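Chains here go by letter, A, B, C, D and E, matching the order in which they are written, and residues are numbered from 1 within each.
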Amino acid sequence: MTKILDVNGLVTRFYSVDGVVHALNEVQFDLEPGETLGVVGESGSGKSVTMMSLLGLIPKPPGRVEGGTAVFNDGSDTFDLLKLSEKELQEVRGGKVGFIFQDPISSLNPTMTIGKQIAESMMTHLQLGESEARKRTINLLQQVGIADAERRYDSYPHEFSGGMRQRVMIAIAVACEPAIVIADEPTTALDVTVQAQIIELTQRLQKQMGMAVVWITHDLGVVAGMADRVLVMYGGTVVESALVDDLYENPQHPYTIGLLGAIPKMEGEDERLVSIEGSPPDLLQPLTYCPFASRCPFVFQRCWKERPLLIPIGKNHDTACFYDVERGAPRDHV
Amino acid sequence: MQRYLLSRLVQSFLLLLGVLIVVFFMIRLTGDPVSLMVPKEAPAEVREAFREANGFNRPLYAQFFEYLLNAFQLDLGHSLKFRQSNLSIIMERLPSTVYLATISLFLAIVIAVPIGIIGGFNPGSAADTVGRAFGLFGQTIPGFVFALYLILIFAVRLGWLPSFGRDFWYSVILPATALSIGGIGQFVRLTRSAVLEIRNEDYIRTARSKGLSKMAIGARHVARNAALALISVVTVQYSYMLGGSIYIESIFAWPGLGNLLQGAIVDRDFPLIQALAIVFSFFVVTLNLLTDVIYAVIDPRIRYGS
Amino acid sequence: MSNEQPIVRVENLKKYFPISGGFLFNRHHGAVKAVDDVSFTINRGETLGLVGESGCGKSTTGRAVLQLHKPTAGHVYFKDIDLTTLNTAQLRELRPQVQMIFQDSVASLNPRHSVNKIIGEPLRINNAGSEREVHSRVIELMELVGLNPRWSKRFPHEFSGGQRQRINIARALALNPSFVVCDEPISALDVSIQAQVVNLLKELQEQLGLTYLFIAHDLSMVRHISHKVAVMYLGKVMELTDRTTLFERPLHPYSQSLISAVPLPNPKLERKRRRIILQGEVPSPLKAPSGCVFHTRCPLAYDRCRTEVPEYREVRPGQFVACHLADRDGSSIIPAQIA
Amino acid sequence: MLRKSIVVIFLLAAGLLLIACQPQTVEVTRVVTETVTETVTEEVAVEVTRVVTETDTEQVEVTRVVEVDAPAKAEGELVVAITTFPNAITPPNAAERQAGNVTAQIFSGLVWIEDDNSISPALAESWELSDDGKEYTLHLRQGVTFHNGETFDAQDVVTTWEAGKDPKNAYAYVYEEADSVTVVDDYTVKITTPEPDPLFLRSLAAWGVYPTDYYNEVGFEGFEAHPISTGPFKFVEWVKGDKIVLEAFEDYWEEGLPKVARLVFRPIPESATRLAAVQTGEIHIATRFVKEEADQVFGNSDVRVISYANDRSYYIAFNNLSSGIGQPTEDVRVRQAMNYAVDRQAIVDALFDGQATLSSGFVSPFNMGFDPAIEPYPYDPDKARELLAEAGYPDGFQIGFACPIGAYPNFEQVCEALSGYLADVGITLDGGEIQFMESGQYWDLEANKELPPMFGDAWSVTNGEALDRLQGALLAEASYAAWEDADLRALIEEAGSTIDPDARAAVYGEIHQYMYDNPPFIYLYYPNVFEVVNSAVQNYKPRAAEDYYLKEVFLANSK
Amino acid sequence: MAGTTTPPAVGMEEYVEPTWGSKLAYVWRLLWRDKGGLLGMILFLLMVITAVFAPIIAPHDPLEQNLRDSKLPPAWYEGGNWDYPLGTDRLGKDIFSRIVYGTRVSLTVAVFGVLIAGGLGLLAGLVAGFMGGKVDGAIMAGVNLWLAIPYLVFVVVIASILGRSLFNVILIFGITDSPIFARVTRGEVLRIRQSGYVESAISVGASTSRIMFDHILPNLIGPLITLATFEMSAMIFYEAGLSSWAERAAHWCQLGQHGRSLPSILAKLPWMVIYPGLAIAIASLAMNLLGDWLRDVLDPRLRRSRA
């Protein structure tokens, strides 16, 4: 199967007051059509920046995408996202790639009716007239589970609850039936019961429309249930990538191991949580050694001298670490 | 929303009442009105007659209550100089001032807002630089100096436009330009910063993620929200233009309220100054109220809000 | 815990926020019943977890217990002293013993104060010794919570989120309190950091014999740290019991759905699990539903729930529930719902 | 950002370039210029501008030769700028000179004051004065009609008097100078005054007549809104704050007048705007400029400058009624010394480009009885020091000094300059500085005699006699007087009751001399005023009191 | 765990207490980044230096008149001389010296005007924001009332009652400008009161005065300094217009003193207006630029924390 998205060596930097923030350091991943890719990592690890960089959504200045390729191939078209002009990118955004953002309160324009905010996308990409767009928007609103869609078309965001707003966001993202939907922590701001609703809705729409979904989250629980594959990011780089079962059963990167250990179990007696001591890396320094070195329990001298690259260690399982956790010794052939 | 507006209405009314009281006593603090108003050459008995005729011999509280009572009946007293009801004098001049202020405001908005929007969308660009400089220029050049140069250039040197008065439709061009320059400066800066701020809002990111063009984002998402940020400033500026255009009206011999006030101050026509102060305050209060109404109309969060 | 002696006793606590406004004169249009008739006890050295979705009143409960919000009604006994009857001065005297850790570690630290000043503030307020003594206590506290004492002159923005929360904890512990309300202390933190803070809180509890009221919306964390758990919904406690019982045999349909909604970090289990997905969202506390407040979303609701407020009572020893169904047959509804 | 700032400065500089293009002109024209307008022949008016440069070479430049061809009938529109917004345009109410000038075109008075200050008949063709000097019998002109067609007769004079002394009027007291006005027959009226009043007949010039029927019909307010009299122009409309429009009255009693069909007054308070508007041709006559402004139109053939002395005497008053009691200024030598200490000419040169007449007393060169032999005090600081030493103040003294702000042109600077000269002879100021005050507050204090022992002021008269000014400033009971001198009082009272003009002139001469020797003031100057008029304007003659009559003015056709 | 030698972790470096030097260096970095702020700061410092050392800088007494040298053009024009670098006015006073001393006056007016306005506003805003309820309502009603009354009424009234003096100009600015400070202060107080650190201070038993002086006031400084800068710019601007007002003191421009003849002066003696006018424009520009910069630097919402 051809990959719908193949990203290699993506580098993004932010030129801030305090210096250059090395936000992305040669990020590498791919996406198959129709699959769900979970992207996990803590804040600042570069999960959102990666996706925003691909579609030219990072604020410029101070941001700058400085390297890499991101080949998009939906069967009919093949092109490098990073080489597109702003105008070409506009066609991709919303048309071929939909976005769902974290905070549905601030992510919707407070002074525009939600109907218009959805229809706008259709009118731009599908060249629909206003009435046609309205019809399809109402239809879409019903699909995302908003009752009384006809009337709600003319409502403003503040009249909606958080969960409803997130449904609207989803409607905006899928309005033009994109090939990829990128969901950037879409449930973080929501309550558990609502989170469950949103997850279910996304999965249903994904099946219906056959989209690939990139689900960015810091919650390993959320992706466990829905992702096909999981990408773990740390310090602006991908540290591990594996099929979901493989990752949870057989994590290879010390960071992934730590992350899994940090989540309390929902059954049985509680043991002490595994905590990853220390703080996330300072991205003001260029990444010349392993970003996790300062917090890694397995760290050894090489980790401070060299940056580990993503290497395949099993079927569909890559990791960026010099240490073989299973063997309890440094990898020798890397 | 009606409740909200009603309550704002009542508040405005109370505010006006406060203005009436404060203005009365402040004006009275300035001294014996009689010696200010009677010509220097007039003999003493004339002064006393005048005092009596105008009721200045009564106790202050009696004068105050009469003034208040009259004010409620829209009687703002009589001008000493013009010997007419202040309100009728003011009403004669009001249309000119409103006309000038409105054109100026329109001019300021039409010129400044696009400059601000362009600057806000392209911070650091050449257009932004020029726009900001223009804004600073507007805020640093005194309006009346600017006005004099407008006359020198466009009336005297080039002979394109009349130098004073309100005789032709194009008479308004020079005074309106002079009056709007300060507002332009302010609007450029505010629009720019509003746009800059809105550009960083999450919903603009959402709009971009939909693949909208810059134009569409600017027109549909930024403009309305930036307008919200500008409304209160625009109304403040408008009330300034209505009330603070003394220099400009005077320079252009524009038959408006500012000119009237200038004359009233020169002539020490305190009843008229008092009435004008009240009318200007009325503008301010009304415009504040109007701001609230506009907000209520265009900001859906207030329109349906709690 | 063996020590079954209640240190905190909350009885019928209510906190209503009046809605007022209007022109000319403030008129009361009603009240938001943020906390409506909540009762619980916490034993010495124990942790009571308080969970619920946003807007359920759990934070208000925490603040009302500490009298940071004056309760509308009810009593809060701390070591048999009724806090609700104390005046400001008396309360101030008692403050050292009851402390709070706040949610937002960024906002709860004054950006213009150094760490030394922040952690030392409670000591200074309560005149706990000379400046030198205060400083040495600050150093001690920083070490206790795992902060490098040499950073005491730094300012909050120079710390990471986890470190800031440690500063918060150190401040709360400065006066050797016996009871600490932790208001969502970890929800703003990254997963790996959450574990650090929770571990720290647990260690401190063991070390210092602290009693916690632990407020959170993350059920797995609450399960991890708590001895007893209370589930709140729209200002009322729906269910209160020890944590094992709650997570294994919840009686209230709300508890059940809440637990079932927690995503498990285990793909196989997660795929197998059947969720109870509640419809809709928490209604506005302004317009709380009649009868059982949960009836609008309850998959099992019937007529009685719409009209009659279910009594909050001990259905089984140590398990308090407010549900009509539990009244009929507490145990029978569980297996049907949870896979 | 630096780039931005540079642009800002550039823009500012660009704005200033407009200003900066002026200095060259300035330097070139930094000459003492004197503009004189004279009519050379009856046929042709030649405007001659004589430029006297610093090197004293004389240049005569004929700027424009205009056909003088007075039109047979009234034609054209004359636009005149006035500097304030008139409060009213009826004689008893028109509060100041500018409003009075509008009024003067609509109304005619009973007598007419000629340019040389002599009195000639107007609506009263002749008159007799009773022996006791209190009763005037006026014989009125026949066949005069009002603008509305009413015929003018004796009853109208009574109406005028009655309407004029209505206390609602600002100048009611002018009419109250008459005790009674009675009709003798249709064209004869008798007017009595309580005391013999040498100036009374003059004030009848200001009694613009009211039409009885019309006034009774419309009343006070109605008349204010639409005045009707027998003047050369009739009222058309008054757009408040914008313009007053008059048009020629065809049945005006003086044959062949007026000569313009329409007369429009435009209030333009800002002098720069007036100057601009007269240059653009939007207005024909603009008044009240200072020398520097008039210089701006130098060389512009579309307009010409008219300058003339204004009978407004500027002075620094001393006080011996209240605050000045016990001060050194009570000594006449000190007051003389202070008059010697000031270099008037330098002040006038610096601040008025020399365009002012120096003052030697309160009787001005434009007044009856002025003695040209009395020269202004020369600048002689040594003499001043000598006199001070003689008076017992060899090291000078300290004294309070106040000046009004915004009342008179350049007066603040004049006061400053003056204080500098006083300091040179050792006279310093209380508090180290002049007490400057807003004019309203200033008059207030002046009327209450609460100003410091030394204060600046000015006093103008409009009737060619110094009497009003003398009475107002030097009789203790007058509102604004600060000085009392028994001898001087006797002289002033004598002037006030001497009816015979020649005898009165002699008294004025005595007063002039007395006040020179025994100065109650530091005398300053009479400033020239400047007007700029369109070259087409003919026959325009303003007077020293800044009043003018436009009935004979016409607009030349040639352009 | 593999026991290894680990260099000090990133972000864990020894904390060095900032010295004055390092603080200044930081400010310098912030200035260097925003060249407008830099320009504003340089101009502002120049103004301060000029004001402080006016007697040393100015070649003449600003009040010294010399009628013989009146109306001289600037030195580089024909007829000018370097005794009077920027020429003289009609009384022969040195324009340059007057600008130098005028800087003093303008700065005095701006600084004290802002101090009065800020003081009054701060007090009112603090009380309103902190007490809330009826007190707040009453104070804010007063503030709105104050704002609704035209500024000229204050000018006319204060001029009439107190006469004209530098002090009264300051007083007018102080009084008319204070509502702005009151509003901003109140808004900030309300915001800070809601903040977590105030709540946590209450929870450790902090007294009201401690909260006020230790928590609220220090956090008000940033926004108020920024506001003060902008208001000072406005005051310098308006002081020039009102300077007719404060007589005697050597003012920039003295527009009012020239009164109606200003335009003719512009035409005939332009240096009397251009250079003082330029001084005002530059001062106003400096304060505006400085204000923009301070807003960026002091506004905690815009400040970047070290990650």
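Of note:
One rule holds in what follows: a contact is a pair of C-beta atoms (placed from the backbone, for glycine too) under 8 Å apart; a residue touches a chain by one contact, two chains touch by 3 or more.
These numbers were taken from a predicted model, which means no experiment stands behind them.
Hopping across touching chains, the smallest step count from chain B to chain E is 1.
Common neighbours of chain D and chain E under the contact definition above: B.
For chain pairs C-E and A-C, the one joined by more C-beta pairs in contact is A-C.
With each centre defined as the average position of its C-alpha atoms, the distance from chain A to chain C rounds to 32 Å.
Centre-to-centre separation between chain B and chain D, using Cα means, comes to 37 Å. Rounded to a whole number, the gap between the C-alpha centres of chain A and chain D is 87 angstrom.
If you average the Cα atoms of chain A and of chain E, the two centres end up 48 Å apart.
Listed for chain E are residues 11-12, 160, 262-263, 266, 277, 281, 285, 306-307, each touching two or more other chains. In chain D, 3-4, 8, 12, 19, 270, 272, 406, 440-441 are the positions where the chain touches two or more neighbouring chains simultaneously. For chain A, the set of residues that touch two or more other chains comprises 279-280. Residue ranges on chain C touching chain E, taken from their complex, read 66, 68, 91-93, 95-96, 99-100, 102-104, 106-113, 121-122, 125-126, 148, 150-151, 153-154, 157-158, 160, 168, 171-172, 174-175.
Here chain D touches chain B in the complex through residues 3-4, 7-8, 10-12, 15, 18-19, 84-85, 87-88, 93, 95, 167-168, 170, 172-173, 224, 239-243, 266-270, 272-273, 276-277, 279-280, 282, 406, 440-441, 443-444, 447-448, 468, 472, 479-480, going by the rule given at the top. The touching residues of chain E, when paired with chain C in their complex, are 11-12, 14-15, 17, 195-197, 199-207, 210, 214-215, 218-219, 300, 303, 305-307. Interface residues of chain C, counted against chain A in their complex, comprise 53-54, 160, 162-163, 190-196, 198-199, 202, 217, 219-221, 223-224, 247-248, 257-259, 261-268, 270-271, 273, 275, 277-282. The residues of chain A lying in touch with chain B in their complex are 55, 57, 59, 61, 86-87, 89-95, 98-99, 101, 103, 106-112, 117, 120-121, 124-125, 156, 158-159, 169, 172-173, 175.
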